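Next come two complexes built around chain A: one with chain B, the other with chain C.
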Partner chain A sequence: MSESPEIFTSPHVLEFPYSRSTGPVIGSFLTALRDGVLIGIKGTGGKVIFPPTEYDPDTAEETSGIVNVGPGAVVTSWGWVNQPLKQHPLQHPFAWALIQPDGADTAMLHVVDAGSESAMATGMRVTAIFRPADERIGAMADLIAFVPEEAK
Partner chain B sequence: MSDQTYVTSDPRGSITQLATPSRLEYFFTAGTSLSKNLRGYQRGQFIGQRCPVCSKVYVPSRGSCPVDGVALTEEVELKNTGTVTTFCVVNVPFAGQSIKIPYIAGQILLDGANLSFMGLIQECELEEVRMGMRVEAVWVDKEDLVPSLASVKYFRPTGEPDAAYETYQEYL
Partner chain C sequence: MSKIPATRQGHRPVAIVGFSQNHSVRSDSTSNEVEMLLPVIHDVFDRAGLTKDEIGFICSGSTDYLIGGPFSFVTALDAIGVWPPKSESHVEMDGAWALYEAFVRLQEGDLDTALVYGFGKSSLGDLDEIFNLQLDPYTMAPLHPDLVSLAALQARAVIDQGLGTEEDFARIAARSRRDAMNNPFAQIKRDDDVATLMSEPYLVSPLRRHCLPPISDGASAIILAAGEKAFDYAEHPAWITGIDHRIETHAFGARNLAVSTSTAKAGAIAGVGEGHVDVAELLTPFAHQELIVKAALGLADSVSINPSGGPLSANPLMSGGLNRLGEAAQAILDGRATRTVAHATGGPLLQQNLVCVLEGA
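Presenting the complex of A and B:
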């Protein structure tokens, strides 16, 4: 506790160690990430939903049929982060982007590590970069980022 | 039959649980009234404030009377003794527990105060603790005093006769 002449101020930390059950589909997605693989799932009319969901968000019908997608992908929208915060996945400037892997019909929010804002463009080709196999645990952070395809 | 499962050859099997810790870091600013109360703990004193309208003494004080809506200016030092208004024997272990179970968490109404606060009750068998029991604060050693309620190690019975129910019935 720091002491000022009059008023006390103190840093506080509030932390809850939640864990949740993933269900079959999110569990599959995370298991595939641990294998270094991106998967989607087929929704109504064969549309491939990525990341996979248990139900098609448009029709509420149950999805069925795991499909491998990526690792190549297209950036459909993005925003540049000049000054990353401590809790951000990268500690140097990067882009949050909606990323649609090859073979998928929907996009997911993830990170593009492009080096500079001028390297970013809607429609640009990117590819997934995973952590080394022995460091992957079946979590979103197993997928470090997407990088411009030519940079790989 | 729907097929929603990805099959892995990884010997660890499929992921079924996901750790999603939630963490909030922030600064708490005590304000002038609570800072006076906290400074009191550093001196081994309970410091409260009296309302100029209803004369109630709040310890700890937030600087205003919730009944009359006026600022509190008069500082009051309270005695070391009080009454257990109500209590709970804690038998259930939980994450982050710092006290060995079973223990007694009591609401303590200090003599002269009109607000109770939670305190640990020790030097007392679990089955002896009761509403109206008279207690006194046991402070940490002088060199260990800090500006927080951690300066009060616990409350222990004084051995006096129990307080009459009427003296604390409004503070339950």
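Presenting the complex of A and C:
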């Protein structure tokens, strides 16, 4: 054939053309993180659930009533990591911990940047360290770590 | 007529009449999932003395996240060769829950037999990253906690609440590895002394390497039969006299991690405490979890726990729970026990738990 064949082309864009809402409760929690504030929500009997959920995990009743908690908090359990994995939030030795802010009745998973394992203890007091206001995006990454209260 | 024990929940009697598992290995690099399952499926048919044509229902447990491709359970059916077509189902859970579905299906009364299998190649991916996907996507997964770090939080809670010590964890690991020396299918078989185990450095404190399960590739299969039919396939069928499963919140910061409420509930409904227990096979992949589940089920110190070596000596994901049901049943099938308990778990830190009581006639 002397003529080059005509090649038909059409654009095709692979996309995910929708965004997912985090809803009124998780959404409020993430928005509060952007504002540098921790919030919980009232469950059955007035118990404050943190991080907030749309239902009470024990009774399945709908929760209502956002309340500010923290930033001071208590470590309810912890494990010390000497060699952080590449996906961990901190790249120097730190503690994973369950952290129950003042005013809350349940705890959240996060990290404690305590320097050394000997600084860690169940029941120790810690406080939240946020990213600078202009870097916060309304996600868990807004919260850098918790640190021992006396160290702040 | 042979005797069938009364069922606690008034259900149609269903028994485990055959169990087969393959040798758990760190990495089965020469077989794909179908090839891993084939010998197990053939063996379980041989053990029960039936063919696939006599099977009324098939149910499997596996997870596509391990293989990294969709609908891998459909391919797995090639290990059976279901022609003419058969009624079949799958759960994206441990095979123990596939057994639960098959048990429920047999309650309909129109079918008398079921094949249940579970399989998982843990060696294919990064388990920390894969299991991160089961955590809360907004508050937990973005932090990328690994499996050992999460387990450490639970182990600390056990210690803090005075329910166990680091030495207890080491004793459980030593016993499991020693018992595994008698199990041809186990992976970690060693006679370790507790003092040596205690001298290991922490991986994530308070956990040392011996507190962790091995990473295992494996598969297993079970045949269920209902009513008198069970005696066609086994001399001593292992009758399911009680079975239940319960789940707790995924927000594990809202749970007391040292206590398993869901296991206690499922165990009470299954009737664990209604009689003596010869053997308990518990899917407690981290040593401290054995203490939690043992307490939740109210098991006496005299109960033989995980005589197979349990998950601390072989932990094939997605068939580990089915193995517990199989091992607990095998003790009855062999005439070594008359009443045994099996436990399986799913989700982070013992979130969901299944308990089954098995009895010989």
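We adopt the following convention: the second predicted complex is superposed on the first by the 132 of 152 C-alpha atoms of A that agree within 3 Å, B and C clash if a C-alpha of one lies under 4 Å from a C-alpha of the other, contacts with A are read in each partner's own complex, and residues count from 1 in each chain.
Definition applied: a residue touches a chain if its C-beta (ideal position, glycine included) is under 8 Å from a C-beta of that chain, and two chains touch if they have at least 3 such contacts.
The structure displayed is predicted, hence computed values, not measured ones.
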Requested in this report: Examine A:T22 and indicate which partner it touches, taking first as chain B and second as chain C; both and neither are also allowed.
Outcome: both
Query raised in the report: Counting only touches as set out at the top, which of chain B and chain C does A:S64 meet: first, second, both, neither?
Result: first
Requested in this report: Considering only touches as defined above, state whether A:T31 meets chain B (first), chain C (second), both or neither.
Outcome: first
Requested in this report: Please indicate which partner A:I41 is in contact with in the superposed arrangement: first for chain B, second for chain C, both, or neither.
Outcome: first
**Report entry** Contacts of A:L85 with chain B and chain C, given as first, second, both or neither
**Finding:** second
Query raised in the report: Touching A:H12 in the superposition: chain B (first), chain C (second), both, neither?
Result: first
Query raised in the report: Which chain A residues come up in both lists, the one for chain B and the one for chain C?
Result: 22, 26, 29-30, 139
Requested in this report: Report the residues of chain A in contact with chain B in the complex, numbered from low to high.
Outcome: 1, 3, 6-22, 24-32, 34-35, 39, 41, 52, 54, 62-66, 138-139
Query raised in the report: What does chain B use to touch chain A in their complex?
Result: 2-6, 8-10, 12, 14-32, 34-35, 38-39, 95, 146-148
Report task. In the complex, go through chain C and note every residue touching chain A. Result -> 128-129, 132, 138-140, 142-146, 149-150, 152-157, 160, 202, 204-207, 248-249, 251-255, 257
Query - Partner chain C, residues of chain A touching it in the complex - result: 22, 26, 29-30, 49-51, 53, 57-58, 76-82, 85, 87-89, 96-100, 106-111, 117, 122, 139-141
